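Below is one structure, written out as structure tokens; comments come after it.
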Amino acid sequence: MAAAASPASVALAGTDTTQAALDAYAKDISFVNPVRPAGVVRPKNAEEVQRIVEFANRTRTPLVPVSSGPPHFRGDTVPSVGGATIVDLSGMKRIINVQRANRVAMCEPGVTFGELIAEVTKHGLRLNMPLLPRKTKSVVGSLLGREPVVMPKYQWDISDPLACAGLFFGTGDEFRTGQAAGPGTIEEQWAVGGMQKAPYGPGTPSLHRLIQGAQGTMGIVTWASMRCELRPSLEEPFVLGASQLEPLLELAYWLVRLRMANECFILNSTNLAAIFAQDFPNAYQNLKATLPPWILFYTVAGYEYLPEERVGSQLKDITTITQRLGVEPVRAAGAVSANALLRAVQQPSEEPYWKLRPKGACQDVFYLTMYEKLESQVAAMSDLAEKAGYPAANLGVYIQPVVQATSYHCEFNLFYDPENRQERMRVKEISSLAIGSLMGKGAFFSRPYGETAGAVLNRDAATIAVLKTFKQIFDPNQVMNPGKLCF
Amino acid sequence: MGLEQYKGDMEMCCRCSDCKFVPMQQVGGFQFANVCPSISKYNFHSYSGGGRLNIGADMLKNGMTYTDKLLDIVYNCQMCGACGASCNYAMDMEVNEPISEFRIRCVKDGRTNPALDKTIAGLRQHGSMVPVAGKRGDWAAGLGLKDATREKVDVLYHVGCLTSYDPNLQKLAQATAKILLKAGVNFGIAGDAEVCCGGRAYQMGYQEDFLAQARKNMALVKQAGVKTVVTACADGYQAFKVLYDKFHLKDGLEVLHISEYVARLIHEGKLTLENRIDLSVTYHDPCRLGRLGEPWVHWQGKKVPGDRFVFDPPKTYRRGTYGVYQPPRDVLQSIPGIKLTEMARIKEYAWCCGAGGGVSDSNPEFAQWTAQERIEEAAATGADALVTACPWCERTFEQAIRATGSRLKVYDIVELVEKAIA
Amino acid sequence: MALSKDVYTAFEDVVGPEYICADPVIMPSYHSTEFAAVILPENTAEVQAIVRLCNQYKIVFRPICTGWTGTFAKGTILLDLRRMNRIVEINEKNMYAVVEPYVITAQLQAELMKRGLHLNVKGAGTNCSAMLRGHGHLDQTTSGDDRNHLAIEWVTPTGDIVRSGSLGSADEWFCGDGPGPSLRSILTSAVPPGVTPGVFTKAALKIYHWPGPARFPIQGVSPNYSLSEIPPNFMARYYSFPSVEKMWQAERKIGESEIAFELMGFNVAMVAANITTCNEEEEQMFRQLSQAVQGPGFFVIIAGNSAPDFEYKKRVLQQIVGESEGKSLTQLENPRLEGILLCQCVRISASIRETFRPGGAFKSIPIMGQRDLTIKWAIGAGQAKLPLIEKGLIVDDGGAFFGWGVEQGHVGKTEIFCKFDPQNETAAKAVEQWQKEQGDRAFRERYFASLMGEKNPDISKGMCNYDVWWRKIQEALDPNRVSPEPGALV
């Protein structure tokens, strides 16, 4: 059955209105209401994107930008209104530039982590990446989503590792953020050695911060540059298991404060087992049984100069701390070796996506918080899950120090069988109730998605008022992903 | 002369705000970072050293505009020199001198403060900056001290107005005299013939009155034939040592503060501090013994044309470096049982007691506010007592302690030395 | 432009009579502008009330802090934020500190150092507001520009109070971004801003680990401060190199190897300024040091978290410097001078001695961004200074420029300035001309755009019309246009 497309989207050349395409974008794994788009366009370059945005303004067609391939999890790629056109950028797969000297890479939105990692590796670089993104995850999409990254020492600002971006605002105007703004074109900048690395400005505003966290409501990004780090010449990974979070948090705090660890994060046994188990449920349960309840993972690394000496002196300093804490990091947590975990986290997740392996679906509840509030929040979430009939032991937890440990990303992963209505409803209820409960315990949902975003946004009317002012400037015709956030 | 000679200096001010604070590397925390009582109390930038220079530069250019606010700014300043010391860590420019000249200009233009006028009237009539009761030399009754105006002495002990007349502080004059007697110094006093050094009049802006006093004092010195003057008052010390020299009146006279002299006497073996005093103390550097007590530097020259603010011959700036800081500390630390703990703001960046610049007369409330800040700072050291080396400081601190109910005691250094030698 | 009695009374009713003044005599101390009044609020509520009055009466306002520089329109109400000077919180576990505008960096730094922490120090000096947006000597390890702010409490130009990020949602200071897009996209300048409209009344700042002592062991009397000892596991050195390329090579590798606590691309003129106590001494020292260096260079502070860490870092430094044919300035190996410069760079950030003391004024072109790119440009700008030096119009610093790495060299800062006698009109004009020419060249040759000074529509056009967007934002946030640019930088 042909979609009841608006005459306008049918008029846009190349719009896909096939049932399969429309159905594919009508829903995702999250609990947002399914809303079928009117069409799907798949631009190949920036010029096409600009034409799409201009068209949308003329015809008031809602646009929903999508960078990653499926499956989608957050609900931001599902239209909130009817008559929308999906702008699928996943086919824009150019890796535009990688430069070792300035530790920078630039790519289009369709480039995945696997693809970019392979390229930057050739230049002796690596990405500061999120934990095990799915194979189809767009690097640019991750940057725009302000996803937490696994090397907090290298995240100086919450916008890192994003550097600059090229985009079209909702008005259809082209803009480039930061150093990329000018003078001249990108090519002219390259000619003199400019590599679009510095993120701030130009002038007073740093508009890369406006497009991050925006869920495509301000414009469409057609490329992004990002800072890269050097590939170590020597890496020594460690794990530390504990029954309580506190000693792990304390050690993680010092590892980041003293800038001694590259990768540094905490998983509970549920998640670590989910990452490594070969099958479910038996191998998973067996593996999980070998693991301590909480596991801190970190890597000490050396680079070009005297790597062994660097690692050696840092390990000595870490030992001073661990002795004071009365803990002993080791090379394996149960049946999971630190080396294996290191290898795993430097790549995207193997297929199937690790979050889907336990039960086929997963709902994430995540927020930013403070060191001293984590334990009570974890306890609160466990309680809430238990009361709702979801065993706390099955709850995945991922704690990531971010922005050089000025805050912590805390993520609960609720695995469930999508074919089991009861499980599905239970997880939906928990993820909704969790918002209020955790906010009451100091959680800051800085990246609210889906239907629960309203509860978060309503807390801060003053900020919302300013955001709406921005929206009126950058997307006055409200064509960019209407219905998301407060727009 | 006058304000005009400091035009370039005043225009050099770049508004960095260093004048409001102790030198940056000496900032030890949130508290006790301020060094200027005036802006600390009154908050408008105009009250800072830099603010005063900015106003001075503007008024030199556009003419003096006297308003109540201007006079409030001018007279609510202890002329403590802290702004200059902080500024001159980094900058080559005069700060204290133009601020002083601005006040002198106000007085010359008849824009005075009534309370200060009253004080100066007393000076003109009685040769004293404090109300007189009895005779100036009465404090020395029974001590058998030589009269320097009649007998040959090596050292003139200039007592000063406050310890001569204030019954609560005459003990300091008596203690000083006993110390000198104990050390066998051939000294005398001018007794009733002594007159005010004029230092405080200068601070207040009454330059002519200061000069009149200076001439009288130097006439007395010449007549007495002494080569050395010792005083226990920081204002007197600065007057004789620095101001008289500035106006070419000092004529080679050696000027010592009692703390310097005691340190010398101890070193020469003429004084031994034997008696134990078990007391934890902290020491307050009087402004005019410390940063403003450093010797005057005579200089005349011209700016070298060009891009740098340099002079021919090269100009030496007085930055508070050579004030009397160590001798009082050495003296205290040579008293058995004394435990000295320093405050946060000391030496060239010490916080003023509040009494200078005529403020104790023109705005006693501000003087007390300043003193109470210092009492709080002293108490924070945990010491039992605050020791100073100037009767004006001691008087102001005593008043502040009474007002706040602080358990701190205040001593002049001569009181402790007297106890230690008795 | 005088306020009417009624309007003055309205403002006076907010702060009290002793905290407002319209007497013109005070104005020269506030940049010689005919302000309508100077007003000193004590807290956010008073700031809000003042801003609302300004909107009601359509009076322009600007905030000011220590007040170093500024240009203001006549009739502005100046908010002197001196009374807003509290350290609100130091949170060691979450590595942030919250301050009001008039806490100067030195105060916060001293409190942090007692706790084994420190913060970014802006080049304007530790005598300026701690919440200033800026860049300085310690950027290598403490970031810079707008990247050290977390949550901000902001009174908007219309007098609303906005609390960004986690502050608005969770009443905590640890994050300035969200929910959703970040307000830090525009909250990029702290108080004494000339730029973000409205007033920042509090800000959370990132803080960093300090491996040094709770206090530097300073001895001596001003201006002759020195350290009685170099703190354990600290070393400061100056290295010169045979060419800019070699220097850059070493600078880059030091950044990548993450060994430097500070890397400051001083030229010897700046070294000389900082370690001397007067202009004459500086001139002599500059000549002496100029003979001792082989070319451009930088100052490095190595700080180890432990003895092994210190030894490692020193060895790597030696290797890198050796590979780039660097030479240590032996005068600075003298612990007395080493300590002076070490303390100066950490606790003062140099500044005044090197900028204002020599000639009383300077004009500069500072650029934050990609370091190797801006070095390329700066070489030409430095050569363009030589004719001015020859004519005696500017202080002779050999045509030097300086700069440093930021965030272990990921980005950087380059600056070049001319010091001159402000009373010399010819010099002032020549410097202005140099500034314009070099700025134009930077734009023309696609290095960067110098955005200081008067707004230039052509530049904005060549920079994706950023200024058009910014003006739209300003107009939307400030419909009564009571909070305009420009204003004070500090």
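Just so it is clear, A, B and C label the chains in written order, and each chain counts residues from 1 on its own.
As a working rule, a residue touches a chain if its C-beta (ideal position, glycine included) is under 8 Å from a C-beta of that chain, and two chains touch if they have at least 3 such contacts.
Quantities reported herein were computed from a predicted structural model and do not represent experimental measurements.
A.B. asks: List every chain that touches both chain A and chain C.
C.D. replies: none
A.B. asks: Per the definition of touch at the top, where is the C-beta contact count highest among chain pairs?
C.D. replies: Greatest number of C-beta pairs in contact occurs for A-C.
A.B. asks: Of all the other chains, whose mean CA position lies farthest from chain B?
C.D. replies: Comparing chain centres, A lies farthest from chain B.
A.B. asks: Mind checking the centre-to-centre distance between chain A and chain C? Centres are C-alpha means, answer in whole Å.
C.D. replies: So the centre of chain A lies 33 Å away from the centre of chain C.
A.B. asks: Measuring centre to centre with CA averages, how many angstrom lie between chain B and chain C?
C.D. replies: Chain B and chain C have C-alpha centres separated by 37 Å.
A.B. asks: Starting from the mean Cα coordinates of chain A and chain B, work out the distance between those two points in Å.
C.D. replies: Centres of chain A and chain B (C-alpha means) sit 66 Å apart.
A.B. asks: Taking each residue of chain A in turn, which ones touch at least two of the other chains?
C.D. replies: Residues of chain A never touch two or more of the other chains.
A.B. asks: Under the definition above, what is the set of chain C residues touching chain A in their complex?
C.D. replies: Contacts found on chain C: 91, 93-96, 143, 145-147, 150, 156, 160-166, 168-170, 172, 174-186, 188-189, 195-196, 206, 208-209, 252-253, 256-258, 305-306, 308-309, 311-312, 315-316, 319-320, 368-370, 372-373, 376, 407, 410-411, 443-449, 451, 459, 462-467, 469-470, 472-473, 476-477.
A.B. asks: Given the complex with chain B, which residues does chain C contribute to the contact?
C.D. replies: Its residues touching chain B are 19, 21, 23-26, 28-32, 38, 40, 66-69, 80, 82-83, 87, 103-104, 106-111, 114, 125-128, 215-216, 218, 221-225, 277-280, 283, 343-344, 347-348, 351-353, 356-361, 392-395, 419-424, 427.
A.B. asks: Chain C touches which residues of chain B in the complex?
C.D. replies: For chain B paired with chain C, touching residues are 8, 11-12, 14-18, 20-21, 23-30, 33, 39, 43-46, 48, 50-52, 54-55, 57-59, 65, 67-70, 73, 85-86, 88-92, 306-310, 314, 317, 319-321, 323, 325, 347-349.
A.B. asks: Mind pulling up the chain A residues that touch chain C in the complex?
C.D. replies: Going by the criterion above, the answer is residues 101-103, 146, 156-159, 173-176, 179, 181-184, 188-189, 191-195, 197-198, 200-215, 217-218, 227, 230, 253, 257-260, 303-306, 309-310, 312-314, 316-317, 320, 368-372, 403-407, 439, 442-448, 453, 456-457, 459-460, 462-463, 465-467, 469-470, 472-474, 485-486.
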